[in-house]
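After this come two complexes, each holding chain A, first together with chain B and then together with chain C.
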Partner chain A sequence: MNLLAIKKKNKKPKGKLGKLERKQELAGYSFVSIWIIGMLVFTLIPMCQSFYYMWFKIKARNGLQFTYVGTSNITQIWIEDPDFIQQIASYVWQTLLQVPIIVVFALIIAIMLNGKINFRGIFRLIFFLPVIIVSGPVMNMLVSEGAASIPALNTQAVVSAFDMFLPTAIAQQLGTLFGNMIMTLWYSGVQILIFLSALQKIDPGLYEAAKMDGGSDWECFWKITLPTIKPMILINAVYTVIFLSSNEQNQLINLIKTAMFSATAERGYGYASAMAWIYSILVTIIVLIFFALLGSKKDVYDRMVKKRKRLEIKEERIARRVERRSVRNARKIERQRQKGMFRTYDGSGDY
Partner chain B sequence: MAAYRGHRTNPDKFEKSQIKIYLLILPMVLLCGLPIVFIIFHAFKPMEELFAFPPKFITTHPTLDNFRKLAKASRSAGIPISKYVFNSLFITAVVVFCSLLFSTMAAYALSKLRFKGRNVMMQINQIALMFVSVAVMIPRYLIVNKLGMIDTYLAEILPLIALPVGLFLVKQFVDQVPDSLIEAAYMDGAKEWQIYLKVIIPLIKPAIATAAILVFQQVWTNLETSNYYINDDSLKSLAFYMNTLTSTSTTNTVAGQGVAAAASLIMFLPNLILFCILQKNVMNTMAHSGIK
Partner chain C sequence: MDLGTIKERVRKSLTKEKFHRFLFGTKEKQGFLKELSVYALLIAIGFVYLYPVFYMFSTSFMNQADLLDASVKWIPSSLYIDNYIDAAKSMDFWVSLLKGFVIAGIPTILSVVTCMITGYGFASFEFRGKKIMMALLVFSYILPSQVTMIPTYVLYSNMRLTGTIWAFVLPALVANGLNAPIFILIFYQFFKQVPKVLIEAAQIDGAGYWKSFFRIAIPSAGPAILTVFLFCFVWYWNESYLTELYVKGIANSHSFWNNLVIQLKDFDSSFESRATTGGTMTSLNESVRMAATALTILPLLIMYFFMQRHFVESIDRTGITGE
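For the complex of A and B:
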């Protein structure tokens, strides 16, 4: 009962905020507002509109003409557009394979660049440099001229080697991956940077303590480095997925674009919207997969707090039940005593 | 202290233990440097080397032929090239500044201030991040049209400001700023905007530099806004102009290749210059974040 009273006193009134909190809320809104307006006007509303257009055939003859067609845009994609489906399938495979490789690769380079070596600054600079060109028209030129693959590396041998113990679909993708090793390197600039910033934040005292206890470098990596930068691994994975799915080398983007501007009756903007939505949902699913694999959303402390809270609620419930029961029992006893059913001990000795 | 060590990145002496790291890193460094070498030399290649297969990285007979062709092509156009340069510089400067200002403000609020709907906003940003930007082109055009911004600078500036990627990156860095610094500022009587200006901004400078480079190159090479929202030739951007020069005005694509190589070098140079200016900040990631 005592516990309950304290709890009641500490409980915040719901819905109403204190003066300080309200002030903070106001500041928060004012900081975010400009961004939100920009997002709303130029991204969110267009997104909703394209969702709406998905169900229509649109003709651009003296203004836009809408004809409601229901889900036929979507079924048309699945039935009549083998190109799109093929691209989607290969995109999913490639992303699922490429993202872990890019992230691990970036992690290894970041750890090496975080070590003590000469000319570290210059190395970091060079690794970040490709970032400033990978999304430009320059990249298109490079890829189209075959500068992104290693001619000396015989990918056929690699593929056949993988083919021995892996399904062909995966082996094929791994083969192209080896062919595009340089691309992987060029794509990992930002990821290396994010990892570096995380690595530099680790307290060197932790390593010292581990060394004192006789831990090897290998153990330190698994027990200190990896757990500390785990959130960054997730962020990098998400960033990589987004980068891979929206850069100009992606064939799907071009497919959507051509569908959008094709003047034929069965394609057009409604069709392209449906394509874009299918694609976006796929990207979201891939990101969710990485979230599920890598994201431990709460850290240990958070989990402990949660557990404590659950316990407290349970205790509170028990306390309330005990209180209720004791009140009821007291009343019952009182009633029964009034009826004279009990003789209480009055100190006289003959009970 | 770690903060102190951050300034002295290089050890004083060469140690034997470094050799294995060098062996691993050096080939990768070479590979990373390749595209830049390629771009620079590509612009100076004579015609027969441009089409060599496999492509050569280093030219043996450098010429200025491609640039001469480019100059010739631009002279035949009605509008002087300086106008396009001005347009591009103006648009890029405004977009980079506004975009960084707004995204750092939003990142600070979303990461450190508590208010209703914060998580929803973050989710929305993440969803927008995953959406294909190509697909919103037509609705965006309709909105720009409705707001009456066709054929103004605004049409080239506003749609590019709210880039979700910038917010995503900057927010990760603001998350790492320790809360105790902000609390300390509160105790000393700082207002929210003072905390933003005096605590957050200096601490996330590297993130801002990184985002600046990303935003800059996205805007600088952007063709779409000039292509769709602008009809008036004197308001279009340099990227668009370079694109038309290389694709349409030169009738045969073979000759266009040389012009394209020269144009891409010209488009690439501002990127490199900006990068060289900001690189110290970028590389110095989070060496001194106050509290350990």
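For the complex of A and C:
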């Protein structure tokens, strides 16, 4: 009971704020208000609108004319648009394959650059260069002229080797991946820098202590480096997924755009909206997969604190229940005593 | 055994050990082998990285004969600049360059200002609903722009803004430009690290919230502003998907707003049509296309070599890796 009383006193009163807090809150809103407007006008409202469009056929003639068609836009995509389905499949495969490759590659480069080497600046300059010049048309040009693959690297042999022991679909995806290996590596510029700056913030004392205890470099990597930069791995994975999904090399978004301006009556805004929603749900699922795989479980200390808190809440609840019951019982006893029906056992034997 | 042989043996073992140490290193010093392999790997990967750029520049200087000649692989027999002249003519280089600067520059400046205000608001005030708003911010980054693209396009065409630069300016004006969530988070991280004492001191001296923002927060945010400005500019410059849709206006083929990236996208068709009307130009081949690509990249490449320090150090400064 005592504990409860103290807790109640310490709790801030909800609802009413002090004058200063109120003023601060207003100032905060005034700073953020621009963004809130933008968020409403350019993200939330359009999102709802395109969700609404999804269920209609829309003709863009003297303004928009809506005819409700239910789910037929979605079924139409699945039945009549094999190109889109195929692109979705290849997009999912490519993303799931490319993201680990890009992240691991970036990590390896970052670790190499983090060691004691000369000309680190020049190497960083080279590895970051693609970030500056990468854009859809430039990439398309380079890929179409064959600058994206090294002729010395015989990808055909690699693909046929994979074909031996993997299903054809996966082997094909791996083949295209190896064919455009340079492009895949080109997308890892930002990730390398993120890893590099995370690595440089690890306390060297940790390594020293581990070396004192006889740990090898290999053990240090698994026991110190990797756990410390685990959150960065998640950030990089998510960044890569988003980058790949909004990149113009990605055929899906071009398909959506062409569907949007398609002159035929079956396509148009409604159809494109349905496509866009399918696509964005897909992207969200992929992001969630990486969150589930890499999401950092909090460290031991945090977990203990959480457990302790949960216990406390439980104890509090029990205390409250005991209190409630004792009050109720006291009232009951009182009532019965007033009626004169309550007798205490006096130990005499008959009562 | 006499003393001489013992000495000999000791010396031998010592040199062997030294050699071993030299190759494989000790606890304090890296071994030569490891160092060598690291450098070899880095240089090899660096070459792979630069390969497309080398290929592009070397091909762009080749003339028709060089392209067909199998013995000419990397170094063209003569510096053939006509490719560049043709490509520049076909792309309307100088005009497109200027327009590109406008298309990327104006939204960038607006975006920097509005994202800074928003980031500061999130970083230094406590208000109800802040957590939900931050979650929304991250969500709006993950959400592909294709979902909002269609209604936004309808909105713009109702307001008759497609094919004008307003289609980029308006979102930037309300902190919803290209990749704005990243920039807001960068400013958020940065302003969290600015000591609160400074701002409190200003407020004690009678400055309001906005005044302390303008007088203290902005002047201390130089590095973050530079970072955001550079990235924002580069991303706007390279964005072709949305530029084609909104600013060029996909519906009208002869639009006023055309930057280099869009010109490169339509390069083949525009070059062909020009070649048939002009008649003097060489036919379309890969050297001309590579020259056009090189011209598109060139402005950013020059900027990168002057500002590379700021680019490369930018990630450190943003505090994305946490403090």
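Throughout what follows, the second predicted complex is superposed on the first by the 278 of 351 C-alpha atoms of A that agree within 3 Å, B and C clash if a C-alpha of one lies under 4 Å from a C-alpha of the other, contacts with A are read in each partner's own complex, and residues count from 1 in each chain.
Quick note on the criterion: contacts are C-beta pairs under 8 Å (C-beta built on N, C-alpha and C of every residue); 3 or more make two chains touch, one makes a residue touch a chain.
What you see is a predicted model, and the numbers here were worked out from it, not measured in a lab.
A.B. asks: Between chain B and chain C, positioned on chain A by superposition, is the outcome a clash or a fit?
C.D. replies: Superposition check on chain A flags a clash between chain B and chain C.
A.B. asks: Examine A:I313 and indicate which partner it touches, taking first as chain B and second as chain C; both and neither are also allowed.
C.D. replies: Neither partner.
A.B. asks: With both complexes superposed on chain A, which partner does A:V305 reach: first (chain B), second (chain C), both or neither?
C.D. replies: In the superposition, A:V305 touches no partner, neither chain B nor chain C.
A.B. asks: In the overlaid three-chain picture, which partner chain does A:V104 touch, first (chain B) or second (chain C), both, or neither?
C.D. replies: Neither: A:V104 stays clear of chain B and chain C.
A.B. asks: Of the two partner chains, chain B (first) and chain C (second), which one does A:V322 touch, if any: first, second, both, or neither?
C.D. replies: In the superposition, A:V322 contacts neither chain B nor chain C.
A.B. asks: Looking at the overlay, what does A:A330 touch: chain B (first), chain C (second), both, or neither?
C.D. replies: Neither partner.
A.B. asks: State whether A:K201 touches chain B only (first), chain C only (second), both chains, or neither.
C.D. replies: both
A.B. asks: Check whether A:K211 is in contact with chain B, with chain C, with both or with neither, and answer first, second, both or neither.
C.D. replies: second
A.B. asks: Which chain A residues lie in the overlap of the chain B contact set and the chain C contact set?
C.D. replies: Of chain A, residues 21, 24-25, 27-29, 31-32, 34-36, 38-39, 41-43, 45-47, 49-50, 53, 109, 112-113, 115-117, 121, 123-133, 135-138, 141-142, 145, 147, 182, 185-186, 190, 193-194, 196-197, 200-201, 232, 235, 242, 245-246, 253, 256-257, 260, 269, 272-273, 275-277, 279-280, 283-284, 287 contact chain B in one complex and chain C in the other.
A.B. asks: So in the complex, the part of chain B that touches chain A is made up of which residues?
C.D. replies: 2, 5-6, 9-11, 14-15, 18, 21-22, 24-25, 28-29, 31-36, 38-39, 42, 53-55, 57, 102-103, 105-106, 108-110, 113-116, 118, 121, 124-125, 127-140, 142-143, 158-159, 161-162, 164-165, 167-169, 172-173, 176, 191-193, 196, 206, 210, 213-214, 217-218, 221, 243, 260-261, 264, 267-268, 271-272, 275, 279, 282-283, 285-287, 289, 292
A.B. asks: If you look only at chain C, which of its residues touch chain A in the complex?
C.D. replies: It is residues 27, 30, 35, 38-39, 41-42, 45-46, 48-53, 55-56, 59, 114, 117-118, 120-122, 124-128, 130, 133, 136, 140-155, 170-171, 173-176, 180, 184, 209-210, 213, 234, 237-241, 245, 250-251, 261-262, 264-265, 267, 286, 289-290, 292-293, 296-297, 300-301, 303-304, 308, 311-312, 315-316, 320-322 of chain C that touch chain A.
A.B. asks: Which chain A residues qualify as touching chain C in the complex?
C.D. replies: 21, 24-25, 27-32, 34-39, 41-43, 45-47, 49-50, 53, 64, 109, 112-113, 115-117, 121, 123-138, 140-142, 145, 147-148, 150, 181-182, 185-186, 190, 193-194, 196-198, 200-201, 211, 231-232, 235, 238, 242, 245-246, 248, 253-254, 256-257, 260-261, 269, 272-273, 275-277, 279-280, 283-284, 287
A.B. asks: Considering only the defined contacts, which chain A positions touch chain B in the complex?
C.D. replies: These residues of chain A touch chain B: 21, 24-25, 27-29, 31-32, 34-36, 38-39, 41-47, 49-50, 53, 109, 112-113, 115-121, 123-133, 135-139, 141-142, 145-147, 151, 182, 185-186, 190, 193-194, 196-197, 200-201, 203-204, 232, 235, 239, 242, 245-246, 253, 256-257, 260, 269, 272-273, 275-277, 279-280, 283-284, 287.
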